[in-house]
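Below, each structure is written out as structure tokens.
Consider the two complexes below, in which subunit A is the common component and subunit B and subunit C are the respective partners.
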Partner chain A sequence: MYTLAIILVMAAGAFLFSRQRAWALAGGRSSALHSRPSYHGWHAALLSGGPAILLVVLWFLFASPIVGAIVTAGLPEVVRSQPPGTLQFFMQDVQRLAAGLPLGREASPEAIEAADAYARAMLAGNWVFGVLGVLLAGWLGWLAYRKVDPQFRARNRVERWTDYILLSAAAVSVLITAGIVFSVLFESLRFFSMVSPIEFFFGLNWSPQTAIRADQVGSSGSFGAVPLITGTLLITCIAIFVAGPIGIMAAIWLSQYAPRRVRDVAKPLMEVLAGIPTVVYGFFAALTVAPFIRRVGEALGLNVASESALAAGMVMGIMIIPFVSSLSDDAIKAVPTALRDGSYGLGATKAETIQRVILPAALPGIIAGFLLAVSRAIGETMIVVMAAGLAANLTVNPFAAVTTVTVQIVTLLVGDQEFDSAKTLAAFALGLFLFAITLVLNVIALYILQRFRERYD
Partner chain B sequence: MTDLVSNGGRFAAITQRPPRPEAVVAAHTRRRYVRERRFKLIGMSAVIVAISLLAILLATVLSNGAGAFRQSYAVLDVRLDPAQIDPSGNRDPEVLADADYQAVLNDALVAAFPDMDDRQGRRALRAMLSNSSALQLRQMVLDDPALIGSTVPVRFLLDDERDQYLKGEVDPSIPEANRRLKDRDIALVDRLAEQGRIETGFNWTLFTNADSREPEQAGLRAALVGSFWMMLICFFLSVPVGVAAAVYLEEFAPKNRWIDLIEVNVNNLAAVPSIVFGLLGLAIFLNLFGVPRSASLAGGLTLALMTLPVIIVVTRAALRSIPPSIRAAALGIGASPLQVVFHHVLPLALPGILTGTIIGMARALGETAPLLMIGMVAFIANVPSGPLDPATALPVQVFLWSDSPERAFTERMAAAIIVLLGFLIAMNVIAVLLRKKFERTW
Partner chain C sequence: MATAIKVNELPKTEVPAAQRPAPKMSARKVNLWYGQKQALFDVDLDVAKNSVVALIGPSGCGKSTFLRCLNRMNDTIDGCRTQGDIRLDDRDIYDRSVDVVQLRRQVGMVFQKPNPFPKSIYENVAYGPRIHGLAANKAEFDEIVETSLKGAGLWNEVADRLSQPGNSLSGGQQQRLCIARAIAVAPDVILMDEPCSALDPIATAKIEELIDELRQHFTICIVTHNMQQAARVSQKTAFFHLGKLIEFGDTDQIFTNPKQQMTQDYITGRFG
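== the complex of A and B ==
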């Protein structure tokens, strides 16, 4: 932190001095310079600050894995020969101790010693890279300062570098995707080396808890994801049954019938539904809707689970109403007026025009909106975590309790984790599945939308 | 040819049909108008249903949570007996800290209810106050040792069950066996109220305390501080990178396959389920970079990754709304492409970018699922003092309290939701006001 501040101050200094020097060399006549003085300043600041900050930030990012590896290599043989999972736990303890955080239990002497080594190595590394960064900033700043000259094309350089900086910012998004794919894929591959993909995708039985002991890994046949997938689909279907009709009819009324002033009030109000945090919907589903459905079901003589799929699905439906309605609204608005006028000209009523002309014409857009809503519903977590069940039942009965992919990811990863047990890795396999499904849905939806827009443009 | 013939035949058939009586036509038209009205009605009711669902949701939260902003206190006259607290009389802080304040408290309780001076009675009396009361006394004496020897009225937190009873949430007509609060306890609270020893005030504990196992002591402080750090980190990471990426994609990017890839990628990232970002945070930040579990830093980084695509999308929209004439004019007077963007386009797009940023941050503030993945569901009883301390976030605190069976936690959970919604509404109002103030039509 201090290092970064020092480097920033040095960069600012390079800026000021170089600008000053440019002014001085030009003798106060800006026409004598190729680039304006502040460009000389920026050039110096970028040159002195950029690489130095990059160096220090890289050190911050990779300090803990590097130091961790060094400390691990220096551990006594007894500790190092432990299984990888135990060793990982040990190193986590070491890191906590080194950071001065409470461990919550008695630390072993080896851990305390290793933590000491860890803290020392960390401090040494911080010093080395801090001093290196400051020296680098000073040296490059000096170089840039020497380079100031009326003929020097500072502006072109600054502009080229800014271009690179902007490009790298844009590339960060690709890095994120790559990060998602690799982190999820890597752990999934480890999972699939323990449990066969065939069992995972076609197995009908899901009970990961039995595989918690290391010697059982892969031997228990309990990683069949089919009940999770059907549970997810069941809840998603209920959500679409709620959101679809309400969303489309609301979009039709708001765009075709509603007086302007009503629309100006009603539309933002419906958008509010999209802005409410999902945990609030979870609260609503678990504490209000689920007991209500249970009471109604009991009055009708039905056997309703207190964590029924219906409650979670209905509340999820409420959540995605605004997605469906705003995307349908866009699709309806994109239908050319000429089609509508033609229909009126033939004597059709407004409702007939909407049903027989506008909706068929807007259908691709509406379908794309549905797909996006479905992908949102599949990936939704908090509502189902709070209102759906944990037990994996293979059923399509909306009154029964089902579990979903996201619920299982949360249950598998909340609490203590071991990164070599199939139980934890299964969460990553489920995450990969979730990522792939939503990606496919989104790509299809975006493709349809693009084709649809081209048709009327 | 055959087409023409068959068409001609159909046309002939239509013209040959005898004209329908006017009454039939009128009835048909009426039916069509009825259908029209019905369709319109269905549309209107869809909107009404959606808005009333929103109203029901908000009403449920408000009616459940409003009570949590009030808290009942018991006011007792506590005699701080020097013989009990400081027998030696030299006010040594260590002696003061070690004194038996529970006994002092018990004496004060018995003084108020002299008839309860047996084993069971004392236990019932003790249960009436929150279990932090003795500590509260201790802190009071340590802060001001001059109080020793006097009798002072002290306000104690009432236990959550008794508090719920006073708020009318416990129904005394339910059979005693089905209640956590027994008849004897209810009678005690009633007597306390008769003596005028019950005070009700604003529940500051909710904002000054961190989480606790005792509902009446549980507060949102740790969550508020954690959320604050996360928002700070998220803002300073996602906004500069997001705006820079958007500027590049919108203003400088050449048209080629790589740029198309980045664009498709940004659009898809914006639709990736948030829980997948949690998995990313777990695998990269926690396991690879060794960021401490449950720290606001890990949460802020994860939320920043999630917010980034949103910022890129809204910034691009804001940049696109700046008319090309601005760019042409700036280029025409000799500005370089970079100067055009940084001196003219970006300042003009700033209100739009700011509005979008606020909305993106509001979404990040309400996000829960990715934070569960990086261990922010821990029970945090200490207020975090920095971004590396274990912390929790407002929505996560809601989730944590939803697991607790006590009625008082349900109330606090709804109160936490009210606080969360309050922040979100404030942010959105600011965004709308900004848009209204700086909105320009070109």
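== the complex of A and C ==
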């Protein structure tokens, strides 16, 4: 940490001195320089700070495996010849001891000794790389300072640096996404080695109880995901039936009928709906909407479960109204005024213009908004956890309790679990499946949006 | 320049004022504000039946704004206020009893940029008749579409691809499609707001020819930046400057012998 602070101070110094030198060389007229003085400053700062910080950060990232390997190599033969799993446990103990954390049991003398070696190596490494980093920063800063010259193209260099920095930021997010996908993918493959994909995708029975001990009873475990998928689809359909009409009509009113002042207030208010935490929607669904539907259902002589798909779907629909209305509103407003005027100019009324010209022209955008809202609804967890229940019923009855993919992922992973049983691995398979669905929906939505943008001009 | 001007013939004999036919449209003391800013000042203008009136003037002079007063298109703009008396067949179009939708059926409009709807060529033309219920069955629609496209001189080019989208046509064809769309509802007056400004010279020549033919059946009011175009297609020309009507008269008189110095300066290219 101190090392980083020192390097940053040195980079700032390089910036100030180089800028100063550039000014001095230019004789106060920056037109005499190829690049403005602050570019010389930035060049020096980036050159001195960049590689040095990179070096130190790399050391932080890879210190413990490197040091671990060195320490392992220095262990007595008795310890080193243990099976890999035991050795791994041993090294974890060593690291905890080295960090001064309590072990919770008596540490072996070998472990204490190794921990000492570990801590010493770590400290030495920190010093070596800290000093190296500072020296590197100083040396490169000095080089950059010497390079300041009216002819020197500092601006081009700085622009290239900026390019790299932005690129690495983009690369980090892409790499993390890829990492998540691969980790889920590999766990799913492990799952599919225990349970056949055919059972998973076509099985009609979901009861993910596996035996922890071989002699346990009644826990054969069946992993048919179809009830979960139909449950998800049922709730999503209900949500769309709620959000679609309300969202689109609200968007039409906001963009075509609302007076400016009302619109300026109403639109942000509607978007507040999107800002409500889903957990709040969840207890709204479970405590207000579900009992209400139950009472209404009973009054009509229907058999309604206290946790019904209808309640969860309706509340989820309310949640995605802002998505639908906001994106539809954008799509409607993107329809050129020329088209609207053309229709008015022929004596069309407002309603005719909206119905026959504006909505057809905005349709791709509206559909794209819809799909984004759907993918949001499919991935939604909290509302369904609280309001839809856990029973994996294969039904399309909106008054029955159903469960969804997301709810099952939560229940599979909550509590103490071991990560090599089919039960927990099933969560990864479900997650991968969910991810694939929402990914496809998003891709379709983006594709439609892109086509739509090419329509005009 | 004067020799290059071809002026369409109108009866030159002076008719006593009392016997003169009432103008198709007439505007008196038209004032208009966009919010606080006044855009038109006391404009008086008559448009005679079956004639072409050209509105010319530098950018921002109010000629398009005035044109849009004639079918109340300015109503769709927030904060726009119109004052004065505009009559169509001696009926005040800003009267409470007037239905704006009906008015725009009678006074159609063609815009600066071709704006076909994202529908087929056929549906673009059938749009107006459909919303006004002008045809009872497919055969009648077909007939209206065909006569309108013929009227706009587009039939021969699109007869075999009526189901293709309107914006697959070229710019000039799109503009003629918009004209066909406008005449499909059989209006009395057609307003054209710089209909050729987005077109190449050949497409422009076609539209100009078309305007001359359309004059037989319709009354036309056209805004243009192109003074040769005004001279070629119109019988009367109105020169606007800074929201005021500076001069209004027969086109050949305006272009050969303007009464106002400002008009003279503008048409000879000294400003604007």
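Here is the rule we go by: the second predicted complex is superposed on the first by the 278 of 457 C-alpha atoms of A that agree within 3 Å, B and C clash if a C-alpha of one lies under 4 Å from a C-alpha of the other, contacts with A are read in each partner's own complex, and residues count from 1 in each chain.
Here, a contact is a pair of C-beta atoms (placed from the backbone, for glycine too) under 8 Å apart; a residue touches a chain by one contact, two chains touch by 3 or more.
Since the model is a prediction, treat every value here as computed from it, not as a measurement.
> What is the contact status of A:V357 with respect to subunit B (first) and subunit C (second): first, second, both, or neither?
second
> After lining up the shared chain so the two structures overlap, which partner does A:V279 touch, if you call subunit B first and subunit C second: first, second, both or neither?
In the superposition, A:V279 touches subunit B alone.
> Thinking of the overlay built on chain A, is A:W253 touched by subunit B (first), by subunit C (second), by both, or by neither?
Touch status of A:W253: first partner only.
> Is A:T349 in contact with subunit B, with subunit C, with both, or with neither (first, second, both, neither)?
Touch status of A:T349: both partners.
> On the A-aligned overlay, A:P336 touches which partner chain: subunit B = first, subunit C = second, or both, or neither?
After superposing on A, A:P336 lies in contact with subunit C but is clear of subunit B.
> If I apply the document's touch criterion, which positions on subunit A are contacted by subunit B in one structure and by subunit C in the other?
On subunit A, the residues that contact subunit B in one structure and subunit C in the other are 349, 352.
> Can you list the residues on subunit A that touch subunit B in the complex?
Checking each residue of subunit A against subunit B gives 61-62, 64-65, 68, 95-96, 99, 101, 155, 158-159, 162-163, 165-167, 169-174, 176-177, 179-180, 183-184, 186-187, 245-250, 252-254, 256-258, 266, 269-270, 272-273, 275-284, 286-288, 318, 321, 325, 349-352, 354-355, 372, 375-376, 378-382, 385-386, 406, 409-410, 413-414, 419, 427-428, 431, 434-435, 438-439, 442-443, 446.
> Can you check the complex and tell me which residues of subunit C touch subunit A?
71, 73, 76, 78, 101-106, 108-111, 113, 115-119, 127-128, 131-132, 178, 181-182, 185
> Which residues of subunit A touch subunit C once you look at their complex with the stated criterion?
260, 336, 338-349, 352, 356-357, 360-361, 455
> Quick check on the complex: what are the subunit B residues that touch subunit A?
32-33, 35-36, 38-40, 42-47, 49-51, 53-54, 56-57, 60-61, 64, 240-242, 244-245, 247-249, 252-253, 261-262, 264-269, 271-277, 279-280, 282-284, 287-292, 305, 308-309, 312, 336-338, 362-363, 365-369, 372-373, 375, 377, 388, 395-396, 398-399, 402, 410, 413-414, 417, 420-421, 424, 428
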